[in-house]
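What follows is a single structure, written as structure tokens, with notes after it.
Per-chain numbering from 1; labels A, B and C assigned in written order.
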Amino acid sequence: MLNKDRLFPTEPKTRDLARALYNEISTLPIVSPHGHTDPRWYAENEPFPDPAKLFVVPDHYVFRMLCSQGVKLTDLGVPRVDGGETETDSRKIWRLFAENFYLLRGTPSRGWLEHSFEHVFGLTKRFGPETADEFYDHIDECLQKPEFRPRALFERFNIEVIATTESPLDDLKWHAMIKDSGWTGGKVVTAYRPDPVVDPDFEGFAENIEKFGELTGLDTTNYDNYLEAHRVRRAFFKKFGATSTDHGHPTARTEDLPKAEAAALFAKALKGECTAEEADAFRGHMLTEMARMSVDDGLVLQIHPGSTRNHSAEVMARHGRDKGFDIPSQTNYVEALRPLLNAVGMEPDLTIVLFTLDETAYSRELAPLAGVYPALRLGPAWWFHDSPEGMRRYREMVTETAGFYNTVGFNDDTRAFCSIPARHDVARRVDCAFLATLVATGRLDEDEAPEVARDLTYNLVKRAYRL
Amino acid sequence: MLNKDRLFPTEPKTRDLARALYNEISTLPIVSPHGHTDPRWYAENEPFPDPAKLFVVPDHYVFRMLCSQGVKLTDLGVPRVDGGETETDSRKIWRLFAENFYLLRGTPSRGWLEHSFEHVFGLTKRFGPETADEFYDHIDECLQKPEFRPRALFERFNIEVIATTESPLDDLKWHAMIKDSGWTGGKVVTAYRPDPVVDPDFEGFAENIEKFGELTGLDTTNYDNYLEAHRVRRAFFKKFGATSTDHGHPTARTEDLPKAEAAALFAKALKGECTAEEADAFRGHMLTEMARMSVDDGLVLQIHPGSTRNHSAEVMARHGRDKGFDIPSQTNYVEALRPLLNAVGMEPDLTIVLFTLDETAYSRELAPLAGVYPALRLGPAWWFHDSPEGMRRYREMVTETAGFYNTVGFNDDTRAFCSIPARHDVARRVDCAFLATLVATGRLDEDEAPEVARDLTYNLVKRAYRL
Amino acid sequence: MLNKDRLFPTEPKTRDLARALYNEISTLPIVSPHGHTDPRWYAENEPFPDPAKLFVVPDHYVFRMLCSQGVKLTDLGVPRVDGGETETDSRKIWRLFAENFYLLRGTPSRGWLEHSFEHVFGLTKRFGPETADEFYDHIDECLQKPEFRPRALFERFNIEVIATTESPLDDLKWHAMIKDSGWTGGKVVTAYRPDPVVDPDFEGFAENIEKFGELTGLDTTNYDNYLEAHRVRRAFFKKFGATSTDHGHPTARTEDLPKAEAAALFAKALKGECTAEEADAFRGHMLTEMARMSVDDGLVLQIHPGSTRNHSAEVMARHGRDKGFDIPSQTNYVEALRPLLNAVGMEPDLTIVLFTLDETAYSRELAPLAGVYPALRLGPAWWFHDSPEGMRRYREMVTETAGFYNTVGFNDDTRAFCSIPARHDVARRVDCAFLATLVATGRLDEDEAPEVARDLTYNLVKRAYRL
């Protein structure tokens, strides 16, 4: 059974303050403005397949930890690029997972999983080798029931709105299907993630640009048309509820190049002739172009920099992307963002949400930047830092310079559907613990704290993401 | 009303320890060895103009936060470079400030302001839109009274000595006026800040050097004379109490160049022909020269590196320097300080005080350096980190390697006069909280802690700055 | 008297949890897989000379702190390279140490020393100028007794096994003498530290390689033979219990060069013609070669990067290496380790233990890397960070991504023999405090924590180091 006071401060009076705050906001609806759930789930509303395929096979937090201790990815059913053999017996995968569950001690994944087991499936025993089959059977049985289908869970999770993330080349057919279905229980919107048509290093860049042209009826090999195609697709995404764009770049570099220079880089990129430096410059320039479009169409711009993707050549070749081998690297923002900020940083109606995997930037760079530029906001603790200690460090290092109101609430950023309530619950608890500590140490008045708690949980995210 | 136990640990016994320590040092005089108050205040002793001009218009901590949420700097009365229109109605500025006061929740500015309202002006209600006019009227009325003039406040604040910061080109007339006035209630000293005649990138560098020559009667276009002119002005500053010099450089780079090379860079700098790299090398070399002069004349050398100044070109053009758009950047000390330390680092009578805006350097570089070189001391948590969490991190990351006795007590570093007692109070509370935690966890004996608390509050700063 | 609850959380219930955990593991044997004690002590089993030579002269943690406050190294008896005069009166050195003992307040050295005084010598008064002679006399008297000889202390300290560190050029005669002595009370093993024959910048590199050839009967000027010589010496070290190799490099750079390229660099290195870049590349390549040999012979590979050695040219010239003037520098692992990891990172039977002096790498780079690569494990908080706050930060920043099971327990890494129980005790207390906090905040079940505590104290180190 989960500890009802988990993640609260240990000192009893401060814990009481935290619990009281939490009780005021724990049942507020979930607003999930950035994530990677599959819109097809909500469109088709088919049952989730089985416990292993729900909790293990797609969750890189889980399988990377087992991999780190010598468990083979193929034994966990992680698909191979060449279609070669991997474990297909879900119960076998589940048992292997259960035997190694102790490896997750002290990690947020452990907490998310236990929260899901208890809150979604009513399982309160300890998970492990002895209970593996019992858990498997129970979850499997549940998944067949109507109340465990995606839409039913969505409603039960009290999700007010969730954003998925799609490429400009996506036809948004699942979003169309959701829209046409007449489902009133949940709101699902898309977000514009143009990496495949913005990053010259992306697999198939030239073909992607061609497809981009087909979709928009424009000759996108021409730079002006290419920009226009973005405008066209952004407008299309807005029809499916999009309020934001998202950009995953290796660095935070931005550029604001003269048009001829940008067009020349684009031409080179189409021919596959960009150097690494040129590709980087083009990506950086496109962030500024995207920000200019955001000034016009109101889409919030999200920047997710600093992940060194696919660190192991062997795993990339065998299993492809997103297999836990993405490693954060040092990220600098001060000089990197200057061209973008000189172009649009003072725009009061623009919102740029910055994320980081480099916690050293919180107090040194990100809070000072967001604490002065009207266009900037700070995204929550991200990915490896989306955890109790990570969130605590975020508030401690960001708040004194950026305050609360330059932050944007919580993003779950997940493809693990059942973990959504768990993740939001962790964020709410850690925020209440932080606020309670401020109150207990005379930095915030007790009667102000509930207002801030509601802002951090619900109001700031709706305002920042215009939801 | 301020919480009497603010910033102390929450656990009751540790809180008791912290409170007992604090009670022993809370009324010690303030020694303020580094700051930016205006000596004219103490010289003329005229009333401060009005609440907005006292608390809002000059405080970049405050107006940058409002700017970050879309409030225009001109609406806050921040002057324009071109003399163009800005808000002049102080009550209107004050009300705008009050409406946005909630943005400061969780920031040290909130604490400093509330401390000033309560301790300086006796205002114990909550500040905000409803009380804005009441606060304005009361503060405005106070400011007319003799007991709120600069010297009276100085004495009431229990300031034993304060240092201001002046350029070598300053005639120190306000300091002369203070000296001649016969005021016995307070000691105001200057500090030598030679950036305008040391940094080839400083606006008007060549003209500054010319003026430097006029002031000293030396042909300062000659490098030897230029160095001599520094000696002359340092001696002049010492007559007005200076015990330190201060250097604000973009990086911590030092050099110890052969004389001919340094002279050649200086000649280039005079012609405005230095590359960025050469300007950097010259600045770095001058730190070593300044340190050599310090060995001779005993002035403490302070290095404040790592601020990327005037990040927004637009704001710099419209409003000029010091408008909240200075952003910390990554700062390395290990290789950067080597030339300086190889030259003078083992001098037992030299004191170099190092500051940082990059907290990652605390445990990695600064504490190890200060924990071995006799000439080095660590300045307190600075600027963005001059806050409860920032100070706590400083003690936690510095003490285990550098100890307490390689630190130099607290610097308020402020131009906000009324915040001085508040800032020192925060430092004293955080230090007592830290010491209480060491006692409660068996790392320091209970009867030693009061001695350390007095050292951190009063003795170390007097010794380090030779005051 | 030491506080029995030192380093535990202050909140009473969490403190109770920590104490209960500690009581279960506090008497487990010490396993010390990486350190720098002198095997000669255990071989000859002669008395330690006197208190100053035991606690002050060889301990760079202690004398660097006194040096930082102006005490001369020669007055502390630190030997000079030129054999020139240094203080030889141990009682005088001891008194100088006692007068300056207050400088160690807040540092781990203070705790280690007090623990040694109380636990090893039964001294419970406060050490300082007034008790200096009393302490000296008592310790000196003890050292003459049989129960204070190295082997007796070893047994009393409950050390199950300790590793020393030797160069491939070492004949391991002390280890042979220990082996031949029939001592059954303690196990002392060596570790293979090949820096003198791997680092082209090492003093006397070419001569070292020549001696390496003599020892192995191979013409080690030939690259193939040079690699073979490593294999031969590794096998020899294994005979004396070695289970690990150790590599102290300025950076974490690795390379996996084509053989011809590596051989060419080696040839240049022998001629002393390597550029700094080439020397670095060769060192980096040799890490990968060493890892390949580890795949074959099972030795655990330890990488200790990031120390800028001998920062002061003056101190290096006067006193030589290891005099407290080694300063950590920023260390990046992500790109640096890629060649090594692409070569052997997925090997399930290889163990590479990574250390850092740059704490920013914990959550950003090291935990993500160790949290996915089967071959990687994280060494404990090292050197400057081997302290209560340093260890706490380590657990807080590493655990959520790497878990507990990608860490390897504690290394004391010391040449200060009497501090070994103290250091292990600190690690055990900090770990129990961390685990108690996880339990108190609902992140770990109370009945799981003792198992984890035993793993962190005893099982993980034995498993990782194959002891």
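One rule holds for everything that comes next: a contact is a pair of C-beta atoms (placed from the backbone, for glycine too) under 8 Å apart; a residue touches a chain by one contact, two chains touch by 3 or more.
Because the structure is a prediction, the values reported are computed rather than measured.
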For the two copies chain A and chain C, what is the rotation angle that overlays their Cα atoms, in steps of 5 degrees? 120
Type of chain B:chain C copy interface by residue overlap (half), same or different: different
What's the distance between the Cα centroids of chain B and chain C, rounded to whole Å? 40
Two or more other chains touching the same residue: where does that happen in chain B? 11, 360
Using the touch rule from the top, collect the residues of chain A that touch chain C in their complex. 2-3, 5-8, 10-11, 64-65, 67-70, 102-108, 110-111, 126, 308, 311-315, 324-330, 357-360, 384-385, 387-390
Report the residues of chain C in contact with chain A in the complex, numbered from low to high. 9, 11, 13-14, 332, 334-335, 338, 341-342, 345-346, 348, 360, 363-365, 367-374, 376, 396-397, 399-406, 437-438, 440-445, 448, 452
